[in-house]
Structures are given as structure tokens and as C-alpha cells.
């Protein structure tokens, strides 16, 4: 047996690697310049880890294929547009409303809330939206759920994209439509003070890392709980789950709500980080981007999804724009007479990954212990699902 | 439709009145009235497609009857949601085993206790001492149940899909028992078992009634099991009840012999 | 999977009948809401229904294209219960292929009538073949390996396929909308009936769609292969036992769906006089809505659904605004899938409730 294999078997080695890895992840920005491309990409990757973990609650745990996850991205970002910018500039006689903001922001018109309040607001709005989107899907079959959630995602995106024609509360617009809302307030936290993404990205990195840790904690707690078991039971066999005392409606709605809330948290962070939001960002492709992360990593597998989210984020924000479309590769292609930009086919790459994974390795790169069996053994689960459809048709 | 209540429903744990289920044009169960006394073992028999499983599905809330009423412990549970019926004290197994195949045996039985647990969304996340205690108790009880149905301890942590057929049947019974039912519905529990295993299951049912004060409703094709264990037998054919009574009476009933035993020679089996 | 939930017991029969009534007529009313609303507006503003009439005719032509696409969804779903999410892209590539073939055949707006008719007929056949072979290939690569896998797996690959094909479109013609020569003068006014102007484009859409639909219907109803298709749709296992080659039958279904999508592609290129890699996305979803509305698996239903959605699209585009149309059609999609998943005219094949 090789030394490596021996090391692998030693549990202490595992712990040591985890600790070292954790330290490296936490401290790496210190070794990079304050405004660093890599740090920037890492921040996005971590924000998408939160999103992907949220979608994983719905698709991976509860087995409900949600193709409209962009809805929560939209709501999360819009929360920051509404409540952390001068968007509602007329409130309070144009003096604005300010809660927990820096001195500078406190002098601006519009509603300005502290990040923590934004997160709470986004959680509430997205969980509610999750329930409202989930309600109509309760009695539908899996593939119809996918299309209805997709339709909701599109409806919500379109409404925001045309939101400059929609008025709410007197004559306030719903959104700026295809124009941006900016600037979004920088994050301002007690003790740490106000961040400034124009001069130093590192605080943003640590903030999102903290969010990831909180969300991971919640995720593991949920997975290993009464609710988590009910979700998985539901995914495996709805009829058996109901017969064992699992209330289908409540359990499904909780998964939509919790999944939506994670999306909201991520959106509420990304708004200040982007510092400008635009309804053009709300596209079906985004839902697929996140879904591809979940599937690449492994449906239902928490660490798998983290891996999937980080790797696809880096594919999207680094590999494709900086490497494949970078000078070196571009130069080579040019010399071959090919005029080709990889950025144009980013989504083709994600689509390709979806097909490839489903055909060759449906359980994902780091499979959930359970899924591995379910998706690879052709027989049992399929028969089960069929039987479930049959019996549940009453 | 007029509903005669009374009629034994005072001292019966389960009673159905004129229960009917139609799937489009096909009437799978028609006008079945019957009742089950507490702590009894009652069998439902009948040829394939007689409507036995459909009847169970109505009792457990998976189907709502087209007509008729179902009373459990005196309360009307017609059309009540399956999870609520389970929490009222009805548990079941399935004809074609329906375990949660990617969960371990223990986890399966833990799901069976869902209705008896309290932890909600925030409890699950924050895990206060009460939830922590509940988790431990539920896990312990699951293991206790698995031991009770005779699963070897080294199989507790196995994924359900990796267990042998007989063990899967055991886990399914343990999962049903875990919800502390008053009434246990078993849908062809001996299907695929050899005679020794069937005999052991027969004993086990009697043990359940003695030790856990259970009432058992049994769908079964194996006449040896049925005749050995049942106090009363109800016979369905083409959805209607054609006979009811004690094993000896059923054995002697011409209609039953014609409808059920006669057809069995055709070589069908559940 | 429908949940096995149930409502309270008493007077169930009555409430079901009431529900049935509401869901049928409520939906029809909802579908009529837009025409009625704008009909009233026209009558009070202009004193006639000409504007609405023009919207309806435009909607009808949209509907013809949607119906052809919807047939592909309905056939495939009928046979393997899969939402072929990539079908919109099969249509899109049919459109791109048609436009590319204009040049190959040397067709320009100046080409004479005889040359144009011959050329377009040839292009129609080629575009249909392109889309059909593409569709068959997709089934081979992305769906067949997953037969027997959990049901959502092929749906996920279908979504993946759809993105791949969109990017094929991008690589082919670029990411922006591209104008193509207006060979027919599709906006050219032909006749006016009651103030409604009928253009060449309208006539073309209807004239190509109707024969194709008739051919398809009679093929499925009469031919041996069509019977095999229907048998497989009913019960694949029984069909296999009866000696039907299920794989071939499924391929044939994709082939037929692709043929229709290819025809829709050419009509769209001629009628819209522009092509775009993204045109299949919303068209595909609209057509899927149409298929569900007509009762998925039901050929005539798909055509009816296509026409209805086309009209909604026509009215919304002109009256409410292009930007809002997707949102409006998707609202209908949700309402139909939730309240009437068996479709408008579809028989209730399985118990809902």
C-alpha cells in the first residue's frame, strides 16, 4: 500500500487536511492585493455556493425539480435595490429612511437598511415567494413542476425587466426596468465599519465566507433532522412518505421556503457587492447555471454542491473569460484563422455538462451516499417511482 | 345515502359504511361495510383485482372513497389526509415493499415516527435540548423496533435497498410499528416468503397483538396464514363483499369457494 | 407525481362537478378575456372591430407556427412522457438552416414566382429533414441512454441539450438577431376582408400548416408505423411483446416532430424575416403551453392550443407590448398546468383529485 493510501486511512490526516484547507481558504486574500481578480472570483463563487445549497434543498433533498431559481436571485437583488439605494428617493420628504447605515449613507435620500436587515428582508420575501410558487405545484407531477417553476421564474424576471412601467405605493416604480439601480450601499457592519469595494475586496470575501459557514451549518442541521429525513422520504416515495405520517404539503412548502431563503441571502449580499443591479441579469440561464452546479457536484450532496458551485463559478468567471478567451489561447486560435470567443458559448458549456453528467455520472462528482444507489441502480427506484405514480393518482 | 351508524361502531376500532371507490368506469370497491373489533386480527381475502389494496388505500387516506364513510375509533376519517390518519393511529405496509431505498434501515424507521415528533423548521436548525433529546429517543426507538422485528443488528445501518427481501419486509413492519399505531394494516406480508418464514410471521402477528395491544387487518393470499391467524375473514370479489365470518364458515362458503378458491387454481398469485 | 391529498368528505360528488365546471369554463373565459377586453375597447374607440380582427389574423399565423412546434411536444410526450425541452431549438435550427439555404438556392426577393415556389418547396423539404434528423439524433444521444433512469434525468439532459443547440445557433449566425431577405414580401397586402388585411405571410403560414397537419394526422391514424406509435404510447411493454420495435417507434416519433418543427422554422424565417438563436426558447415554451392546453398527446388538441396561444400572443404583442407577452403567456401556462393539466378538450384519462 502506498504512503498516500495509508495517510488517507488515518482519520487524523483527514482532520489535519481539513484544518489546513480551512486556514488556506480563510487567509488566502491576505496574500493577494486588495483589489484582486482572484479574490473577486472567489467572492462570486462563495455567493453561488449559498445559492446552490439553497437549490439543493429543493432539488437534491426534496426531489422537486425547480427550474425557476432565478426568481430568488431576482428578489434578493431587488431587496437591495429597494432598500439600500436611493431608489425610493421621495420617501420621508426626500430625507430618506436610514437604519444602521454609515454617516455618509445616512445623508442620502431613499431607504437605506443595514445588510443584516436586508438579509432578513430577503429571507422573508424569498421564503414567501417560494411558498407562493410552490403552492400551485403541490399536486403536479415532477416534470410539470419543472415547467411551472420555470414559468414563474420567467414571469418574475419579466415583471422586473418591465418594472419601470409598473407603479406601486403611489407613483413609485417597481424597478428601473432594463436600466440599472445604482449605487447600492456598501456593506456596513457593526465593529467592522463600512466596506469599500473600490479599494479593498477582502472584507467582502470574509463576509461571504461567514455567510457560507452559517448556511452550511443550517444545511447540515436541516439534513440530519426530522425535516431533512421527511424531505428525502418525499423524494424517494411520496406515497410511502405520506403513509408514514409526513404531511406532503407542509414538507414541500418548507423546502421551497428554505431553498428560496438561501437564494435571498445570497442576493442580499451580491447587491452591495455588484453595487449596481439590473433586471437584465434575471435570465433563465441563471437558473440553469445554479442547477448545473448542483448536478455537477451531486444532487443532495452538500459537499458535492459546494464543489460544483465553486468549480462552475471559476469556469464562468475565470476559465472562460480569462484563460480560454485570454491572450494566449486567443492568439493560438487567431493564428489558426479561427475567430472564436468562448464567452459566447458559456451556456453551451453548462448544457454540455448537464448532459454529460446525467448520461455518464448522474450521481455527481461527490455523490451523496444515498443518491449513488438511487441513480445508478436502474431497477428498484424506477419501479418504485412508477408504482408511486400509479397509486398516487387518486 | 342513509347511513346507519351504531351497528357495532361503539365497540369497533374501525368501521366502514358502504365504502365505494370508482376509477372512472371501473368500480374497484363497491358498497363494503364492515367493522373490526379492537385487538382482533381480521383478514381480507379475495382473488387478484378484487379491490383489497384499493380498500386499504381508502382506509389510509391515499384514495378518498367515492361514496361511504370510514370511522376510526368512532371519528369520521373519510377523506382525511394520509399523514393525519397515521397520526391518529393507523399504520400500514405495502404489497410491493416501499421502503425509502437510499436511507438506512434505522432512518426508515425514524421516518415512521415523524407523526410522533415535534421538531419544526427552527427546532431542526437550532437544535435546542428538547430536539436533541427527541432525536436520541427516536433513534433509540428505531433500533428497538428493528430488534423487535428480528433484524440483525449489523444490518441497522445498511441502506434499505441493500437488504435481503425478508429483511426489507421486516424493516417495513418496524417502520409501521414505529408510529405507535392502534391498527396495523398488512398488505400481503408473506408474499415471496417460504413456509417457515410465513409461519414465523404468523406467530409474530399474534405476539404483536398480545404484547402491543394491536389490532391487525391483513390482506393475504396464503390460506394457511389466513386460516391460522384470523378471528374473522372478509371476502371481496369484484369489489363487493361476498362473505364474512369465522375461518370455518368461510372455508365452507360455496360462494367463496367458487369465486376465490376456484379462481386460484388458474395459477394466479399476488 | 400527484399528491395523494384529499379534501373533506361530504358532498364530494357535487364539489367535483362544480370544480370540473369551473375549471373548464373558467379557463375558456380566461382565454377569451383578452379578445373581449380589446374588442370592447375597439368598439368604443373606433366603432368597429378592425383592429382586433387584424390582431386575430396575425395571431392565427403565429398560431400556425406554434401548432407545428406543439405537435412535436405532444407526439413525444405522448409516447415517452418526456418534455423534449430542446424541441424549441430544433425549430430554431430549422429556421437558421432555411435562411442559409436561401443563398444556396440563389433565392432573392427578385426571384420570379416559379423559381420562388420551386426553391421554397425544396428548402421546405430540406429544412424539415435537417430538423428531423437533429431531433432523432438528440434522442439517440441524450434521451435513449437514460431510458429507465428516474424520470427527471432525461428532462435535465433535455434542458442541457437546449442550451447546447442555442450555442450552435450562436456559433452559426452570432448572438444578435439577424435579418433575412423578405423573399415573399410577407407584409404585402393581398386582400382586405371587413377591414382586416390579409398578407402573403398569413396565407403562407396557413397554407403550409394545414396540409402538414392533415398528412400527419392521417399518417398516425392509418399507417402501420402510426399504429405502432399509438400502441407504444398506450403501453410500451405490451407493444414490445406484440413485436413492435419500441426504439424505432420512438425514433420515428422524434422524426415526425422534427419534420413539423423544420417546417415551422421555414415559415418563421419567411414570415418574421429575421432569425435569432434565442427564437426557439419562447416559441418552444409557448408551443409546449399549447400542447398542454390541447391535452398533451392529442394531435388535434395541439393545433387548437397553438392557435389559441398564437392569438393571445398576437393581441398581447400589439396591444400590451412585446416585452410583456412572455409574462402573459407564462401566466396562462401556469394556470393551465395547475388547474387543467389534462387540457381543454382532453379526456380525463387518469383520476385527478
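A, B and C label the chains in the order they appear, each numbered from 1.
Methods note: contacts are C-beta pairs under 8 Å (C-beta built on N, C-alpha and C of every residue); 3 or more make two chains touch, one makes a residue touch a chain.
On a predicted model such as this, the values are computed, not experimentally measured, just so you know.
The pair with more inter-chain C-beta contacts, choosing from A-C and A-B, is A-C.
Distance between Cα centroids is largest for the pairing of subunit C with B. Chain centres defined as mean CA positions place A nearest to the mean of all protein CA atoms. Centre-to-centre separation between subunit B and subunit C, using Cα means, comes to 47 Å.
Centre-to-centre, using mean CA coordinates, subunit A is 32 Å away from subunit C. Between subunit A and subunit B, the centres computed from C-alpha atoms are 43 Å apart. Chain contacts: subunit A has residues 239, 242, 248, 374, 381, 388, 391-392, 394 touching two or more partner chains.
In subunit B, the residues that reach two or more other chains under the touch definition are 61-64, 81-82. Looking at subunit C, residues 4-6, 351, 353 sit in touch with two or more other chains. Remark: subunit B residues 57, 60-64, 81-84, 86-87, 91-92, 94, 96, 98-103, 107, 110-117, 119-121, 123-127, 131, 134-135, 138, 159, 161-162, 175-176, 179 touch subunit A in the complex. Remark: subunit A residues 218, 221-222, 225-230, 232-233, 236-237, 239-248, 254, 258, 369-371, 373-374, 377, 380-381, 383-384, 387-388, 391-392, 394 touch subunit B in the complex.
Listed in rising order, the residues of subunit A touching subunit C in the complex are 63, 65, 67, 136-144, 146-148, 150-152, 154-155, 158-159, 161-162, 165, 238-239, 242, 248-249, 284-285, 288, 291, 295, 340, 344-345, 347-348, 350-355, 358-359, 362, 374-375, 378, 381-382, 385, 388-389, 391-394. In the complex of the two chains, the subunit C residues touching subunit A come out as 1-6, 81-83, 141-142, 145-146, 148-157, 159-164, 166-168, 170-171, 175, 281, 285, 288, 321, 323-324, 326-327, 330-331, 333-334, 337-338, 341, 350-351, 353.
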